[in-house]
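Each of the next two complexes has subunit A plus one other chain: subunit B in the first, subunit C in the second.
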Partner chain A sequence: MTKRSIKVQSFLKTFFGRGFIVYAAALIALMFILFAIFADVLSKYDPNEIDLMQSLALPSSEHIFGCDLHGRDVFARILYGARISMLISVFSCIVGAIIGMLLGLVAGYREGFIGTLIMRYVDLQLAIPPMLFTIIIGMLAGHNMFGLVFALSFGMLPGFIRLMYGLVLSLKQNDYIVALKFARIPTWKIILGHLLPNAFPTMLVTFTMNLGSTIMLESTLSFLGIGIQQPTASWGSMVSDGYSYIFTRPFLAFVPGICILLLVLSFNILGDSLRDAIDPRLKGKL
Partner chain B sequence: MGSYFKFIAKKLLLALLTIFAISVFAFLIVHLMPGDPVRVMLGAEADEAAVEAMRIQLHMDRPLVTQYLIWIGNIFKGEFGKSLVLNLSIRSLIAERLPVTLSLTVPAMVISIVFGILIGIVCATHRGSFIDQLLTVLMTTMNGVPVFWIGIMLMYLLGVNWKILPLMGYVSPKADFADYVKHAILPVFIMCFGPMSSIARQVRTNMLDVINQDYIRTATAYGLPVSKIRYKYALKNVLIPVITLIALQIRSIVGGSLLAEQVFSIAGISRLITMSVMNNDFLTVQALVLVISTFVVVANLLLDIAYGFVDPRIRLTGGK
Partner chain C sequence: MKKTLSLLIALVMVLSCFAFASTASAEERVMGGTVTGAMNVDVNTYASWRIRSQQEKTALSPVYETLMRFDAEGNLQPYLAESLTADQANLTYTVKLRDGITFSDGSKLDGDALLWNFENFKENSQTSATHFGSVDHFEKTDDLTVVIHLKEWNTQIPFSLNSVAGLMYSKKAFDENGYDWCLEHAVGTGPYVMTEYISDDHKTYEKNPTYWNAEAEPATFDKITLKIIADTMSAQAALLSKEIDFYLGSDNQMKDTLQSMGYNLYHNKMWYTIYFLIFGSAVEGSPLADVKVRQAIAYAIDSDAISKNLDYGMSFVSNQYAVEGTPFYSSEVKGYEYNVEKAKQLLAEAGYPDGFSTKISVGVDQRLDRYMVALQGYLQKVGITVELDYQETAIWTSKGIYETDEGMILAGHGFGANLVNQAVNNFSKRAISGVGMLKNSKLHPDDLDAALMAALSAADNDIMLENMHEAERLIIDEYCLGYPVVMGYGGEIITQPDIIDSGFFADFNEMHTWTNLYRVK
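Coming up: the complex of A and B.
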C-alpha cells in the first residue's frame, strides 16, 4: 500500500469516526445538493408559476407538499430554494474567505501600521452586533441578491481575518520561514509556497463550518423580509409566508423549516468531522 | 491596586474610541446609500421642492464634518430626530420600546448563563455517559435550528393546538406580571437557543481541561472530597473564561431578539430596526445602530472590568 492511500484511509476513518450521524449528515447534504442541481428535472412545476385554482391546496399526489397562497407548488419551491440558499451561501463564503484571508495575511505578515489598521477595523466591526451589521450592509447594498451576498460575506470577514492573522503570526516564527527570509527568497514565494499551504487545512475547516451558519443567516434574513425578495423561492421567506396560514395550513411553514434544520445540521456535523480528520488539535479551538 | 486602575482606564478609553467610531459609521449610513438618500426616504413621487426642503432641514447642504457635529451634538442633547415612516420622535420611540426589549433579553441572557453553565458542568463531570451524549446532541441541534421556525412551531403547538399559551403579543411586567410571564415564555425560550448552547459547550470543554491539570490531581491525591475539588477549586478557573464568552453572547442576543420580536409581534426595539430597514427609514436606523451598539459596548466594558477584578492576571496582560 502506498503512503498516500494509507493517508486517505486514515482520513476517511476519522472522518466517519462518529458513525451513523456522519453518514446521515453526508447523505442529507448530498440529497440537498442533488435537489439544487436537478431542481428542474425533479419537479415538473415552475416554482414561480401562479395557479390560483390551486391556492392553499392540501398535499396530494400531484403536489406532495401542497401549494401556497398563490397556488405555487411547495415542493418545487423547496427544490429551487435549495439551489438559491446553497448558491448564495457558497458564493458568500468564497468571497468572504478570500478577502478575509488576504487581509489577515497582510495584517499578520506585515504587522506595522497597515496590520494595526486592519485589526482595529475588525474590532470595530465586532463591536456592532453581527446580525445588525449584516442587515445594515444589506440595506446599503440594496434589497437584492447581490446585496445579500455582499452583506453575508462582509459579515463573516472578521472571523477569517482574525484566524488568518493568528495563523500567519505563529507560522512566521518558525525557523524555516526565518531561514527562507535570510536566504532572500522573495516574499510572494514564501507566502504562496509556505505560508498558504500551511494555513490551508485550518481555513478549509473554517470554510466548511461557515457554510452551515451562512445558510442559517441567509434564511434568517429572508424570513425577516430583508434577504431574497419575492417571488424568488427561499426557505426563509417560505417559512414567513407559511406563518400567515399557521391555523389552517401548518405544513407550509413546517416543511421549509425542516429543510433549513436538516441542511444546517448536516453541514455543521460534516464540518466537525472534517476538522477532526484534518487536524485533531483544532478540536475545541474552532 | 494601581495596575487595576490602569487596566480600567485603558478599557474605558478603548470603549470611548469604539463608541466614537461606531457613531461615525452610524452617521455615514445615510451617506453610503447609493443614490440620493433624501429622495429614497421621501419616495419617488415627492416633488423637488419637498426634497430640497428636507435636505436643508437635515443640514445635508453643509460639509460632512459639520453635519456630523450637528448630528452628534443633537444626540448629546437627546434629540434623535423624527422617524419619517412612523412620523414620531425617535427618542420617544426608543423610550417606549427599549424597556420591552430589555424585559425579554435580560431574562433570556440570565437563563442562558445559568443553564449553560449547569449543563456544561453536568456534561463534563459525567463525560461519555448517556446524559453527556444526550445533552451534547441537544446543544449541537440547538445551534443548528432556525429559531424563528422553532418559535412558530412551538406557537402552533402550545398556542393553537393545546391553547396553554397566548399566541403572540406582549404584556408589560408592571401591568400584570403573570400575564407577562405567559407572553414571555416562548420569546425568551427561543432567544436562549444560541447563547445557552455556546456557553454549555465552552464550559464543558473548559471543565474537562481544568480537571486534567496538575493542581486538581494533587488535590485528589491529598484525598480531598470530590465535590470540594470540583466546585471550589476547578469551577473558579472554568468560569473565568466564560465571562468573555458572555460578552460575545450579548452581541448575538441582539440577533435573537430581532427574530423573537418578529415572530411574536412584539413592539420592541428590534422590531423597529427590521421595520426601519425595510422602509429605508435611515434616520431611525442610524439612531438605533448607535444606541444598541453603545449599549453592547458598555455591557462589554463592565464585563471586562469584572474580568480584571476576578482574574488579576488579566489586568497585567490586558486581556489578550
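Coming up: the complex of A and C.
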C-alpha cells in the first residue's frame, strides 16, 4: 500500500467517522446533484408549462407530487428547482470565496492602510443585518439569477475575508514565510505559492458549510418574492406559492420544504465531516 | 292502531312546532354587543372626499352617508337628499336636503354644508374629473337646496351622488380644524362615530348617540372593531378561532374553503371588478401597436379555465367591458374565444410568426400573481415571451398604472352603476389629461371618444346605452384596446355563520350600510 493510498484511506475513515448520518448525507446530496444534472431526463414534464385543467391535482401515477395551482408538475419543478438552488448556491459561494479570499490575503499580508481599509469595510458590512443587506443588494441587482448570485456572494464576503485575514496573519509569522521574504521571493509567489495553499483546507471547509446556508438564504429570498422570478422553479418560491394551500394541499409546501431541509442538512453534515477529515484540530472551531 | 297513529301524528306535530320555534329563534336578530371585523389593507385617508379603495369605503361607511342610495330593488333613491331634480334644458341638477340631519359633531347638514362639500370635492378629490368633470359651478338657492350647474349634460350625476361625490363631511369640523386635520378624522352623519384608530392595527367605532335616522335604521351593534390582517392565512385562522366575525380581502381559495365549512359569503349586487389586460397600443414600433397582435393575445388566453381553476369558479367571464345582464352589456360584441391556432395565424399575419418579447406590469399588492403566471404561460404557447413586472405599490398607484410606457398592464378596477364614467375616464380622450389607465401609451380613437362622450351627455337612457354599446364594440372588437381576463365581484366579505348581511355588502350601493349587518342567535 502506497503512502498516498494510506492517506486517502485515513481521510475517508475520518470523513465517514460519524457513521450512518454521513453516509445518508452524502447519499442525499448526491441524489439532489443527480436530480439537478439529469432533470430533463428524469421528468417528462416542462416545469413551466401551465395546464389549468390539472390545477391542484393530487399526487397520482401521472404526477407523483401532484400539480400546483397552475397545473405545473410539482416533481418536475422540484428537479429543476434543485438545479437552480444548487447553481445559485455553488456560484455564490465560489464568487464569494474567491473575492473574500483575495481581499483577506491582501489585508492580512499587506496590513497597513489597505488592510485597515478592507477590514473596516468588513466591520461596516457586519454592522448591517445580513438578511437586510442581502435583500437590499438583491433588489438593486435585479430579480434574476445574476442578481441573486451577486447579492448572496456579496453577503458572505465578510466571513471569508475575516477568516482569510486571520489565517494569513498567523501563517506569515512562520519561519519559512519570513525566510522567503528574506530571499526576496516576489510577494505574489509567496501569497499564491505558500499562503494560499496553507489556508486552503480551512477555506474549503468554510466553503462547504456555506453551501447549505446559501441554499437556505436563496430559498428565503425566493419565499419573500425577491429571488428568482416566475415562471422559473425555485424551492423557496414553491414553498411560498404552496403555503396558501397548507390546509387543502399540504404537499405543495411540504415537498419543496423537505427538499430544502434535506439538502441544507446534508451540506452541513458533509461540511462538518470534511472539517474533521482535513484538520481534526479545527473540530468545534468552525 | 288508530290510537298509535294519532299519537304518532301528535308527536310529529309537537316536534314540528319545536323545529319552527328553533328556526324562528335561530334567525332572531341580536341588537347591541360588539362586532369585530378585519380587512387586508388599511386606509390611506379618513376624509370623505379622498376615499377610493374598497377598504376605505368599508372602514368609513359607518361614519359617512351618501345623498343618494339604491333601495332593495336596485332603484336609485334620495337618502340624505330629499329630492334630486334633473333639468336637461337648463343643464342643472337640483339637490334638496332632508331637514333635521345632523353630523356627529352636532352641526347641521344644510345648504352651506352641502355647497362646501360639493366645492371641496370638485377641488380636492382625486376622482373629481370622474364625478364632477362636467360641472361648471354649484349654487346654494335656499337653506336646504343646492343647484349643480353643468357645462354639458351628464347622465351620471345621480350615480356620482351615490358614490364618494355624494358623501357629506362636517363643514364645522373643517372650519374649526383645517384641511390636514380632516384627512385624519372622520366626521359624518352616519350611525357610528370613530373613537379610536391605530394605523395598520385597528379602528374602533361606537354608536352615534345623535344619529338622525336611528328610528328607521338603528345601529345593530354598540361597538365595531375593525382590525387589519394583511395575511389571508392569518385571517383564515382568525375566522376559524372566532377572533373576528368577518373579513374583507380574502382570496378565492380561502373563500372556497370557508364557504364549504358553513361560513357566509356576501357580495355586492351592482359592483364588479374587471381584471383587464390593457395593451400599450399607441407605442410606435411595438408589436402591440398592431391590432392583429392584440387580437392574437386575446385569442391565446383561456379565460374560462382561469375562472374555473384559478378562481374556483368565484369569478366569471365576460367578453367585454361590461357584465352580462346589466344594461351596459352589448350582445353585438363578438369578443375572443380561446383559440390558439387563430392566435398563431394572426401573429403570422402581423409578421411575428415566431412571437416576440414583451412585459406585463402590475402593482405588487394587487394579488394578481395567479393571473400573471397564467397569462405568461398562455402567451408562451403562441411564442410570446412575457416578463412579469411587479411594481411597488406607491409607484404603481401614482405612476405605473397610468404611465407605463410599453407592453401591457393588468389592472383590476371596480365598476357598477357608473360604468359610463369609468369608460370615459379610461378610454375617451379625456383620459389623457385625467387618470386613464395607460393614458399615454394607449390609443384613444376619435370614433370611440365620440361614442363615449355621446353616452355621457345623452338626453335619455336609451341614447346613452346605444352609444355605450357602440363604445363596447369599438373597445373590444374594433381596436382590441384591452382584454377582459375575468370579472370578479366588486365587494365581498366572508362572515361567521351567525353574522348576517341583509344589505351591508349584499346590496347595490358603493358605500356599505352597516345597519344591515347583524348577529343572529
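Everything that follows uses one rule, which is that the second predicted complex is superposed on the first by the 286 of 286 C-alpha atoms of A that agree within 3 Å, B and C clash if a C-alpha of one lies under 4 Å from a C-alpha of the other, contacts with A are read in each partner's own complex, and residues count from 1 in each chain.
Definition applied: a contact is a pair of C-beta atoms (placed from the backbone, for glycine too) under 8 Å apart; a residue touches a chain by one contact, two chains touch by 3 or more.
These numbers were taken from a predicted model, which means no experiment stands behind them.
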Which partner, subunit B or subunit C, touches more subunit A residues: B
First (subunit B), second (subunit C), both or neither touched by A:243: both
Subunit B versus subunit C as contact partner of A:49, first or second or both or neither: second
Contacts of A:230 with subunit B and subunit C, given as first, second, both or neither: second
First, second, both or neither for A:135, with subunit B first and subunit C second: first
Touching partner for A:69 - first (subunit B), second (subunit C), both, neither: second
Subunit B versus subunit C as contact partner of A:94, first or second or both or neither: neither
Those residues of subunit A which subunit B touches in one complex and subunit C touches in the other: 225, 243, 246-247
Touching residues (chain side subunit A, partner subunit B) in the complex: 123-124, 126-132, 135-136, 138-140, 142-143, 212, 216, 219-220, 223-226, 236, 239-240, 243, 246-247, 250, 253-254, 256-257, 260-261, 264-265, 268-269, 284
Residues of subunit A defined as touching subunit C within the complex: 48-50, 52-53, 55-56, 69-71, 225, 229-231, 243-248
Sites on subunit C touched by subunit A in the complex: 232-233, 236, 251, 253-254, 257, 302, 305-306, 308-310, 364, 369-370, 372-374, 376-378, 380, 388, 390
Of subunit B, residues touching subunit A in the complex: 18, 21-22, 25, 29, 32-34, 140-141, 143-146, 148-150, 152-153, 155-156, 160, 205, 251-252, 254-255, 258-259, 262-263, 273-274, 277-278, 280, 285, 289, 292-293, 296-297, 300
